[in-house]
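Pasting in a structure now, in structure tokens, and then I'll have a few things to ask.
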Amino acid sequence: MDIKLQADDLRVRFATRDGMVDAVRGVSFTLGKEKLAIVGESGSGKSTVGRALLKLHPASARIEARTLRFGDVDLLRADEKQMRALRGRRMSMIMQDPKYSLNPVMRVGDQIAEAVLVHQKVSKAEVRERVIAMLEKVRIRDPQRVYDLYPHEISGGMGQRIMIAMMLIPNPEVVIADEPTSALDVSVRSQVLSVLDELVEERGLGLIFISHDLNLVRSFCDRVLVMYAGRVVETIAAADLDRAQHPYTRGLLAALPDIDVKRPVLPVLRRDPSWLTQ
Amino acid sequence: MSQPPAAPAVPAVADSAASALQETVRRALHHLLRNPMTLAGLIVVVLLVAAALCAPWIATHDPLRQDLYATLQAPGAAHWFGTDEYGRDTFSRLVYGARTTLYIVALVTVVVGPVGLAVGAASGYFGGWVDTLFMRITDIFISFPSLVLALAFVAALGPGLEHAVIAIALTAWPPIARLARAETRSLRKADFIAAVQLQGASPMRILVRHIAPLCLSSVLVRLTMNMASIILTAAGLGFLGLGSQPPSPEWGAMISAGRRYMMECWWLVAMPGAAIMLVSLAFNLLGDGLRDIFDPRS
Amino acid sequence: MITVDRLALSFGDHQVLHDVSFDVKEGEVFGLVGESGSGKSTVLRCLAGLHTHWQGAMRIDGQELGHRIDRERCRLMQMVFQDPYGSLHPRHTIDTALSEPLKIHGIGDIDDRVCDMLVKVGLNPSFRFRYPHQLSGGQRQRVAIARALILSPRILLLDEPTSALDVSVQAEILNLLEELRLREGLTYLLVTHDLGVVVHMCHRLAVMQQGRIVDTLDSELLRTGGASHQYTRSLLAASRSYQREAA
Amino acid sequence: TTPRGQLVIGMNMNNLLSLDPAGATGNDVLGVVANLYDYLVELDPHDLTIVKPALAEKWEIAPDRNSLTLTLRDGVRFKSGRLLTAHDAAWSLQRVLKLNLAMASPWKSYGFSKANAEQLITAPDARTLHIVLPEPTDPKMVLYTLGTSVSSAILDRDTVLAHQKNGDLGAAWLLTHAAGSGPFTLTEWRAKDAMLLDRYDGYWRGPAKLRRVVMRHVPESLSLRFMIDRGDVDLAAGMAAPDIEALKHVGRVDVQPVKRGNTYYVALSLKDAKYADKRVRLALRKLIDYDGINTAIMPHYGVPHQRPVMSGLAATLPDPGYKLDVAGARKLLAEAGYPNGFRTTIRVLSDPPMINIATALQATLAQAGIDASILPGTGNQVYGSMRDRKFEIVVGRGGGGVEPHPHANLRAMVYNPDNRDAARLTNFQGWRTSFHDDDINRLIEQAVRERDEQKQLAMYREVQQLYDREVGAIQPIAQMVDTVVLSRRVHGYVGHPSATTLLRDVYKD
Amino acid sequence: MSGLKKGAGAWRTRLLSTAATLLGLLVLTFFIGRVMPIDPVLAIVGPDADASTYKQVEAQLGLDRPMLVQFSHYLGELAQGNLGTSLLTGNAVSADIARVFPATVELATLAIIVGTLLGVPLGVYAASRRGRLGDHVVRVISLAGHSTPVFWFAMMGLLVFYAWLGWAGGSGRIALAFDGAIPRVTGLLLVDTLLSGNWEAFASSVKHIVLPACILGLHSMAYISRMTRSFMLAQLSQEYILAARVKGLSEAAVIWRHAFRNILVQLLTIVALAYGGLLEGAVLIETVFAWPGFGQYLTNSLLLGDMNSVMGCVLLVGVIFVTLNLVSDALYQVFDPRMH
């Protein structure tokens, strides 16, 4: 399996009002042509890892790692210019909430087109064609019309698909999806996921799927990283999730109310301080 | 050793009502230490207060003492900042002027804050005809040439600092009211307001205890930032002879009287001018800082 | 206990609720599910008295509900909101939040009641003087529940009380709610979009779509696959897990 | 720099309101009207008591001193082309009285009125104007009024009547227009911006040397100073003292002070119980720092003067030499029952030097324990409160003094024939301050009727002594000086003490 | 159909409330005029008039009639488009305003252009460098600009650029030589001189307006840059900015193409209001530069108690603000797709 992304002992610290906060404390993983999930409770550092890979952090963040490579690029040494060349073109990120992640005063088509135009000099007509083709690909009906809509004129599910189109149109090798469906309805969710799934299949890209929905991850991804307090406590094939070893993972699974099994009381996660250090 | 982020993100605090306040103070202090600009602003404001309180000890002369035979003397050992057209000591007047300035600041805050807050919050909370009425009134006051209002008010009540300041306040509340209204309108929909409504709280109670305190910080911040222009407007009224009455050492009036001599006696304008600038700069910096302290989003 | 009869509501030209009717029995947990925007929260808000311009009828114990909030209604029925971060006043301590309803209703013995309540929802009374920002999401939701219960209502309206929370915390809150219900004999009207939660908590549920109730059924049916309505089935399918063909 | 044939005057034109001779108040308008219109006689700017012929070739005072006969010169034409006759003159004077606006007041003080104007002011023929005095008075005074008051300008009757509206005798039109025979015509007037006067080529004395006079509104003294310094203005009027002082040292300009008949004074209201007490008034007289004020504040605004009659007249007594005497004042106050002083208010115009005098006064009052707060205001407010007799102290400027006659000052400042509130003699400062002394009143009345000059002089001197002894309500500090700064390119400018400065002989390099 | 009807209804409400605002303004002004202890009669008759003259003038002006009668008379005249005559100058108030207002419009327009061209880029720059040196420098500059008395700037400007360097024209709108030589068409001298084809006159009027306009502009620059900064900061913390960065956009594109476009409307509103403030008259600047503008006119009228003029001025200012409000609403309609 060719390795697209490699992180070794990634650490992210934030300088805050109350001193330094360690958000990510030594995370290591590799990503090939696969769907890698990162799960964990809120605040465990999932998004921080995702953003660190794109170096999209505020000035207050310090990123350290033994290795942080993307293909042939050493992300740790890359300067802002190199990163810009990389972002979008080779590695991109789908954000959680289409409502806030699209520029409200720009036509959605233009926003997608922009992603192409940053990296390539193409004629206007050709860009439009490509955007419309991409919109079709993410199964948007009547893409000609949708091209000219503004973000507030489209529904959440559509917005998320536009987001996906925008991030995939430059044909990146790696896509980081940060909770791409948590703002969506269950019914729309599966549509969006299937679009994503199809594109991964088709283009052979590496997908990092950040989520806290274990049920979803189990069926959608290939491999799962379970994070707790800024560390990876367990890496496991998605299919084997039920056989997870770590008590944290197991606790998370158990706490999930199940449609099929009715339990009088839900087991509650008991945190063990030793998880922080192991 | 740093705290793991996922562990219950609750800082250890001693549990008492007082410690809640302590925590706020601690955060403010912390912020101050990390923001030299805010700190500088605070220092100047503290100095201003100190100068106002300790004026008699700081001033080298009686600020009102005239010496018509030693007028317009350049800064020197006898008079650090020179003397004015009546031979009064500029430095001492500047020091005593701190009182007036502080008085203006306090008076405007006391008038504008509550009025703007009350009108804005009521308007935003009740909506409907209350909103329409209050906003029309606000519109009237906004589109009223502020000078006309100020002049008219001063003319009606007679000249004097209080009246000038009240006049300024009359022209200064509408923006505050609008701010409070906007804030209230977004708060009105908040769940915690719905929650107290469900507990049977009266609108008055909700306005006073729940909404007003939340608008207060932005109102205060805005007021601090307006301080500069308020001091200057007071000076401007003084320029038209409607501000503080002689011989009160008000900085704006000092400038406006001193301007007649400014080509030959630069200190008469430069000194109070610098003082106004410094203080308004300080208030602005402090206002910026306060916004950062109050606003958790930043 | 609760009867909602042909409830209808419009905002401007936009009709949000169309003839919504259902009953909830005493001591029952009744679920209200449906996709986003289907009007679930709106039904709760009408019941609580936060919307006043509805049409139709609502009854508690056969007693007709007025359009405005009154003291009596407050003591009968309280609500817990979805977002624990938005439902507590950021500048009020827990103590202030909990004692305020008591003060409004002129109930004495405030200190004891507040402490008791905190214990009841599983919070250490030492939390009393903290501010919301010093609490985690789960702890805030406990405070919100405590606030709702401090006037000893008989009905709790729960608007997605756990959807902003982690699974682990969700479990704690759901357990707490169940425990309280049994202990205090409360009636719940629970809005959620998580069918797992519905099955876990509710006796019966109504499925809403675009402001209408399209299906009312026993939650047992849901679990055993006995749901017959098309829309209910599609919801169920979507929430089980991701299947490529489903989309 | 300014063009050759033009005189550019920079001044504050805020007080230039009406140009109608019947209603125009204020000093600034005098300078304009004097150049747009002609007067029957003129006063010599170097010695005001010398009356010189103008429209009137000669004049005669009847032996009984009850009437004046003026003979008008022939061939004078208005700008409209009409010949100026005695009928125009009579109508102009009657018009002032009929309209009964501000400028009727000197005429009313001689006993003229709306009702008697047509009988008393007559033109028996085209060149003779006959003025009968309704009451005995000093006819010289009337002559002075004819030479100085705006109300004495001679209007083109037909032109004015052509613009009459609703029988207003052209009052509305004349607010902003002029119809006279003077050396200049009003070409354009934009209120509070600029006024252009162009030469009238048919002027009977021969055309003026200047082609055009431009007055520009420059309210800020410092701006004016920069302008005259750069030569963008030829003549600057009404500048602040520091700027005049600075310009004294600039080679290209001259500073020309002109003494006026007005005084800067401190007025007390005898309505106020405190000041009704002579001792308190005397104490206040001792609490003015005459020397300090005149050294530090008054240069370019005024010269020391302490008498109610303006300096330079034969009747004027030398200054009594009042001085600041805090100890003496304290003693007097203690005697009057105010050992610890009292609180009072000073109303004052917020312009220099009045506000400065008030501030200085405030400081010296404080030395005797009197806590005075200053209420600055516009002239309207200050003099309004005086008219209503609602004030304690006013620092002001005024006192007649247009006519070079002691009576003019005394009438304005001292005379008060009826001290009742209902009398509303609002035009007399004496009434406004509620200062009333029968002896003084009687002397003033007698003096103006006295035919014997020596006796008259003696009476006027006695009035001043009495006023000193009785401690009158108004204490003059300085006599007004009007200082203009003018470029050395300007020649022939002679500032007139009555403000009727004539520009017809002015020219520029 | 119903949308159209709704639109018309909204407009009717708008107009009604606008009229209510203006009427309120008039009532307030009228009332103020009456309680103010400035007596227009006294301003006309002068300080030395006697009681009979006073009474007569008072009656002529109708000031002896009951207040309500006076006010309804004023409204009646106003309904016929008549603002009355200025009590003191005898000119029609509308003519007076038509004379002084263009002078202020000219000055204010140039000033707001200067202020905006400087203030907006500075504000954007400061926001993009938040917390860093550049931010602090811009902040201090703009605050200093805001806290320095404007007349001090004006005097210093006159001293340096007029008295010493001679670059700027002095007081007034144009050199005196051109006074009366330029036919008045619009009242805006810059335009009128151009129309007359008199280049020297045009140059002169440019020379005269530059300094006061720049000084006013610097003053509004301070305000505009502050507001720009805070608007930009609010936008820069939005998610869509992150999305733009993810696309690989350069910082400049992120700031100008994305963030700035979102603050455009808010900014226009702020600039419009600042412009309204300038139109209301910068009395101090007008005084220092002897600019025969609206602010001076209003102040003088007020100080003399010339209430007809004051009412006219207040009405004009009211109309300006109401219009600016409407314009800024319209701007939202046009530029903000969310409002369509």
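Order as written gives the chain letters A, B, C, D and E; numbering starts at 1 within each chain.
By definition in this document, a residue touches a chain if its C-beta (ideal position, glycine included) is under 8 Å from a C-beta of that chain, and two chains touch if they have at least 3 such contacts.
All values reported here derive from a predicted model rather than from experimental measurement.
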Using the contact definition stated above, find the chains touching both chain B and chain D. E
Between A-C and D-E, which chain pair is linked by more C-beta pairs in contact? D-E
Report the inter-centroid distance (CA atoms only) between chain D and chain E in whole Å. 39
Could you give the separation in Å between the centres of chain C and chain D, each centre being the mean of its C-alpha atoms? 87
Using mean C-alpha positions as chain centres, tell me how far chain B is from chain E in Å, no decimals. 25
For chain A and chain E, let me know how many angstrom lie between their CA-based centres, rounded off. 51
Two or more other chains are touched by the chain B residues 9, 11, 155, 158, 240, 259, 262-263
For chain E, residues that touch 2 or more chains besides their own: 37-38, 155, 159, 303
Could you tell me which residues belong to chain C and also touch two or more other chains? none
Taking the complex as given, what residues does chain A use to touch chain E? 54, 56, 59, 84-89, 92-93, 95, 97, 100-106, 114-115, 118-119, 150, 152-153, 163, 166-167, 170
For chain B, which residues are in contact with chain D within the complex? 64-66, 68-69, 71, 85-87, 155, 158-160, 240-242, 245-247, 259-264
Counting only contacts in the complex, chain D reaches chain B at residues 221-222, 225, 240-243, 245-246, 289, 291-293, 295-297, 350-352, 355-356, 358-360, 362-363, 366, 373-378, 381
Using the touch definition from the top, list the residues of chain E that touch chain D in their complex. 37-39, 42-54, 56-57, 88-91, 96, 99-100, 155, 158-159, 162-163, 166, 170-172, 175-177, 179-180, 287-290, 292, 296-297, 300, 303-305
Of all residues in chain E, which touch chain B in the complex? 17, 20-21, 24-25, 28-29, 32-33, 35-38, 136, 139-140, 143-144, 146-152, 155, 159, 233, 237, 280-281, 283-284, 295, 298-299, 302-303, 310, 313-314, 317-318, 320-322, 325
